[in-house]
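Each of the next two complexes has chain A plus one other chain: chain B in the first, chain C in the second.
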Partner chain A sequence: MTAFLQSTFNGLVSGAFYALLALGLAVIFGMLRVVNFAHGAFYMLGAFGAYVLLAEAGVPFWAALVVVPLALALLGMALERAFIHRLTRLDPLYNFLLTFGLTLILQDLVKLRYGVQSSPYEAPAGLRGSVDFGLFDFPTYRVFILGFAVAVCVGVWWALARTRVGMVVRAATERPELTRALGINVGRWITPVFGFGIALAGLAGVLAAPMRAVNPLMGADLIIVVFAVVVIGGLGSIFGSVAAGFGIGMVQAWAEAYLSAFPIVAQTIVFIVMAAVLLWRPAGLFGRAEAPA
Partner chain B sequence: MLRIENLSAWYGEAQVLRDAGLHVDPGEVVTLVGRNGAGKSTLLRCVMGLHTGWRGTVELSGTELGNLSADRRARLGLGWVPDDRGSYATLTVTENLTLPPTVGPDPWSLERVYEAFPALYQRRNSAATTLSGGEQQMLALARVLRMGARMLLCDEPTEGLAPLLVQQVGDLLREAKRHGVTVLLVEQNLRFATSVADRHYLLAEGRVTAAMENSEVRSRERELLSYLGI
Partner chain C sequence: MVMRRTVGLVAAATATALVVAGCGGGGPQSDGDEKVTGGAIVLGVLNDQSGAYSELSGRNSVTAVELAIADFQAKYGDRAVTTDISVRSADHQNKPDLANSKAQEMYDRQGVDLILDVPTSSAALRVADVAKEKRRLYFNISAATTDLTGKSCNKYTFHYAYDTYMLANGTGRTTTEQVGRNWYILYPNYAFGQDMEKSFSTAIADAGGQVVGKDGAPFPNTSGDYSSYLLKAATLDPKPDVLGTMQAGAELVNVVKQYNEFELRDKGVGLAVGLMFITDIHSLTPAALAGTTYTDAWYWNFDQQNREFADRFQQETGTRPSFAHAANYSAATQYLEAVQAAGTDDADTIVAELEGKEVNDIFLRNGKIRAEDHRVIHDAYLAQVKPQSEVTEEWDYVRILDTIPAEEAFRAPSPDCTL
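== the complex of A and B ==
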């Protein structure tokens, strides 16, 4: 029982990263119809941002948690204005190529400066040690990640469900052409929404810095699973991406704990789940079949 | 109010409108009748600024619309009532109504909409796509009236509706007209068309081939119906 709870908890923590990244991808896909292959690179930049700020300027974790996502949002918005929006009218393949190319460039730029070995980053003083849950101890920092990620997801859900901006984003995501015909300048929201999605990736990266190895390829490894999460949740579905993020985190942790006799299954469980979901519901668990324009 | 001259439009290589021209005076309700594929919906889409691949002149209250985007046109007072009713599944009924900005001098308040349509009020927190077809049509019309749009572009608002609901759509359009709203209506139902409209244009193979008064449509009803293939 203790082992089960512990692996569930670990799964929820991995799921928190999946959820934050998938949420950003979903918001961006919904509004821009762009699958942002560079999302993992921005996650990596988030972690490196925190590392560089601390190592070179002594900026602490808490400040990095605010500054790094904001800076990456600005970078993302600049890239959207400079490149991505030029391609939105073309075949989606061009955007795959563009964002994949951006990934390689960003990864190699970081590699040039910091090499491929992992850089250490310590958890902030207040979040070291562990919390006693009675049946088992759990690292304080992981508890913090889980709480923080849940709060961010709930906050984003609230903003989408309850604010005017959220209503416009939902409308433009569902039916962009109709929304324009009803007097809303959809284009004005595209760049900020892209920046917001990137900020979520950056935030996940900062959160990952004290826990995961900070290296130029950390995003590339993670993003493949995140794409599976997005597909399972339903491409463009906000709720689906978050639910599938936490769900897949847990499934992975359980598979590691209980299927260790079948390492091949344990390592590929995400894709097995994805294939099963797609056979059962081709639009994903919470996805809708493509709506008319 | 609305003046269209020499409007031609294409879908890829296929020409759908050929030098079409018409005008709608302020406060008029004018229908556009024609067979399926005659270009009626394309003409509305050109006016709304949703169609790419067109040439000609479209003027609203003396303003040449040219390459203005759809959202700018809506803010000039065009109200879009699409043929599929345009309900958002991810928005509640109230959100569907309050999504567009108010653009005209005489917008309906939300209270007034709900007073006129108690059925919408009862379902105000439900997803709009869970409404019946008739309720969704009322929602689409109420939405542009709440915007305060001065010129409505309605694409077959009575299609697929039961007779009682067709009558309700008619009542709503007549009510809007009494408040000075202008309407361009794509319609296949000639009885309905003559009950709400002042004048009619016949669109055939992308050209406006006839302009008719109500009396003419009534006297030629049988001939027109057989022409329209209904």
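== the complex of A and C ==
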């Protein structure tokens, strides 16, 4: 039982990263119809941002948690205005290629400056050690990540459900033509929403820095799983992406814990789930629920 | 415009002349009794110059080979077999197919006499096939597989720095004897990891220990998460004394970060690392690895001789050398010495010159180039990462606990190998 709870908890922590990244992808896809392949690169820039601030300017983790996502949001908005925006009217493939190209450029720029070796980053002093849960103890930093990610997801949900901006975003995501026909200026929200999605990726990157290897390729592997998560949740579905993020994290952790005799299965479980979901519900688990016909 | 075109034509003509002189071997510049092909020796460094292994070897190994050439020229001056010695290098991106075609290009088109380095076992084996086919020399430095001196061995291939047996024998045996008998092994589930797991399990059993659990983690591990395995390690019965991780590069960094997060050392589970380079310790910081034992093929601050080399290397590159850098320097030097002694660069003559030779240099201590399988044996070292409080100098991160004599450090020649 203890082992089961532990691996569930670990799965939720992995899931927290998936959820934050998938949430950003979902709002961007919903608003711009752009599959942002560069999301993993922004996650990597988030982690590197935290590392550079600490190593070169002595800026601590807590400040980086605010500064880095904001800076990346600005960078994201600039890129949206300069490039992505110009291609949104064309086939989505164009932006897919564009963001893929951006990924390669960003990765290589970081590689040029910092090399491929991982850069060191430690958890802030207050979050080292572990918390005793009675049945088992668990690293404090992981508990923090889980709480923080859940708070961010709830905050985003609240903003979407209860604020005027949120309503516009939801409306534009689910019924773009109708929203425009009602005289709502969707265009002015596109750039800020893109920036917001990027900020979430950057935030996930800062959170990852103390527990994952910080190197230029750290986002490249992760983003493949996140795309699977987004597809499972339902492309563009905000609730679906978060639920699938946490769900896939747990499934992976259980597979690693209980299927270690079949490493091939543990390795590919995400894609097995994705294939099954696509066969059963081609729009993803929550793909229709957000936009009933 | 006309001027520029003229300059271009002149340049092209000069280049053509150079090529003709280089290939002809009988041009007016040639001194008649030339000993090496085309009057020149060309060394080729083929390795990863942009990916995961580019820091532990990469471009800095090219610099190491250039240092070796400069030292050779300074030593022999006019008596050198030739003064025209140069280096070519190429990036194989750790892809076996690319390594194969780059190696062919080096031997056929660039006149390379010796290919050096070639990390990544699968790529290293492909280059061995090329060397055999082209009958040209190949010193592998950075790949780990024992197949290079086992079923894939050949007359023109030498394995210079280390292999999985050396790592497992050093770390597995000594850790079992000195730290604890019970092991939990975590390995990346592909050729290198499986090879390492087998070598370690054998070495541990031979030393009287036992493997109480082992798991192959996905490779590449896209989630970057190892917590399931680390938690499992702490709950096994009997409890493991040592967690042996065979992960390398960024994956090793992930395992170590999470090992520290779950405070396994405080729970009585020590850490042993299968393959680690000084560049890995630098990136993880010694604090994260304090107390970890591993087998090192060479350490820059082991003695005065190594340190002098490390100082020169740092002047050129800005970092301290890994064992791969030192081994590239040594391999280039030993090749040039052999050419000098034999008075020719004919591959078969050089192989005869090298076989059975006993060598001591900057990298090889009590070194011997084994004739049976072309394994270059030398002393290896059991190293332990210092606690942060004892690190007084950047890059000086380990202390050497024990020297493993050359004869014990490597396996006996494999019956699978016929040269």
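Here, the second predicted complex is superposed on the first by the 288 of 293 C-alpha atoms of A that agree within 3 Å, B and C clash if a C-alpha of one lies under 4 Å from a C-alpha of the other, contacts with A are read in each partner's own complex, and residues count from 1 in each chain.
Here is the rule we go by: a contact is a pair of C-beta atoms (placed from the backbone, for glycine too) under 8 Å apart; a residue touches a chain by one contact, two chains touch by 3 or more.
Predicted model only: the values in this text are computed from it and were never measured.
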- [ ] Evaluate whether chain B and chain C can sit on chain A together after superposition, giving fit or clash.
- [x] fit
Open item on the list: Output check: A:Ser119 vs chain B and chain C. Expected answer is one of first, second, both, neither. What do you get?
Closed with: second
TODO: Would you sort A:Met211 into first (chain B), second (chain C), both or neither based on which partner it touches?
DONE: second
- [ ] Pick one for A:Gly129: touches chain B only (first), chain C only (second), both, or neither.
- [x] second
Task: Which superposed partner A:Asn185 touches (first chain B, second chain C, both, neither) - done: first
Open item on the list: Under the stated touch criterion, name the partner, chain B or chain C, that contacts more residues in chain A.
Closed with: C
Open item on the list: A:Glu256 in the overlay: touching chain B, chain C, both, or neither? Say first, second, both or neither.
Closed with: second
TODO: Once the structures are superposed on A, label A:Val67 by its partner contacts, choosing first (chain B), second (chain C), both or neither.
DONE: neither
Task: Smallest separation of CA atoms, chain C relative to chain B, angstrom - done: 33
Task: Contact footprint of chain C on chain A as seen in their complex - done: 3, 6-7, 10, 13-14, 111, 115-120, 122-123, 129-130, 139, 141-142, 208, 210-213, 215, 217-218, 221-222, 224-225, 249, 252-253, 256-257, 260, 263, 266-267, 270
- [ ] Going by the contact rule at the top, pick out the chain A residues touching chain B in the complex.
- [x] 167-168, 170-171, 173-175, 177-186, 288, 291-292
Open item on the list: Which residues of chain B touch chain A once you look at their complex with the stated criterion?
Closed with: 48-50, 69-71, 73-75, 80, 82, 84, 86, 88-91, 95, 98-101, 103, 143, 147
Task: Complex contacts: residues of chain C adjacent to chain A - done: 50-52, 54-55, 189, 215-225, 227-229, 231-232, 235, 249-251, 253-254, 257-258, 261-263, 279-280, 282-285, 288
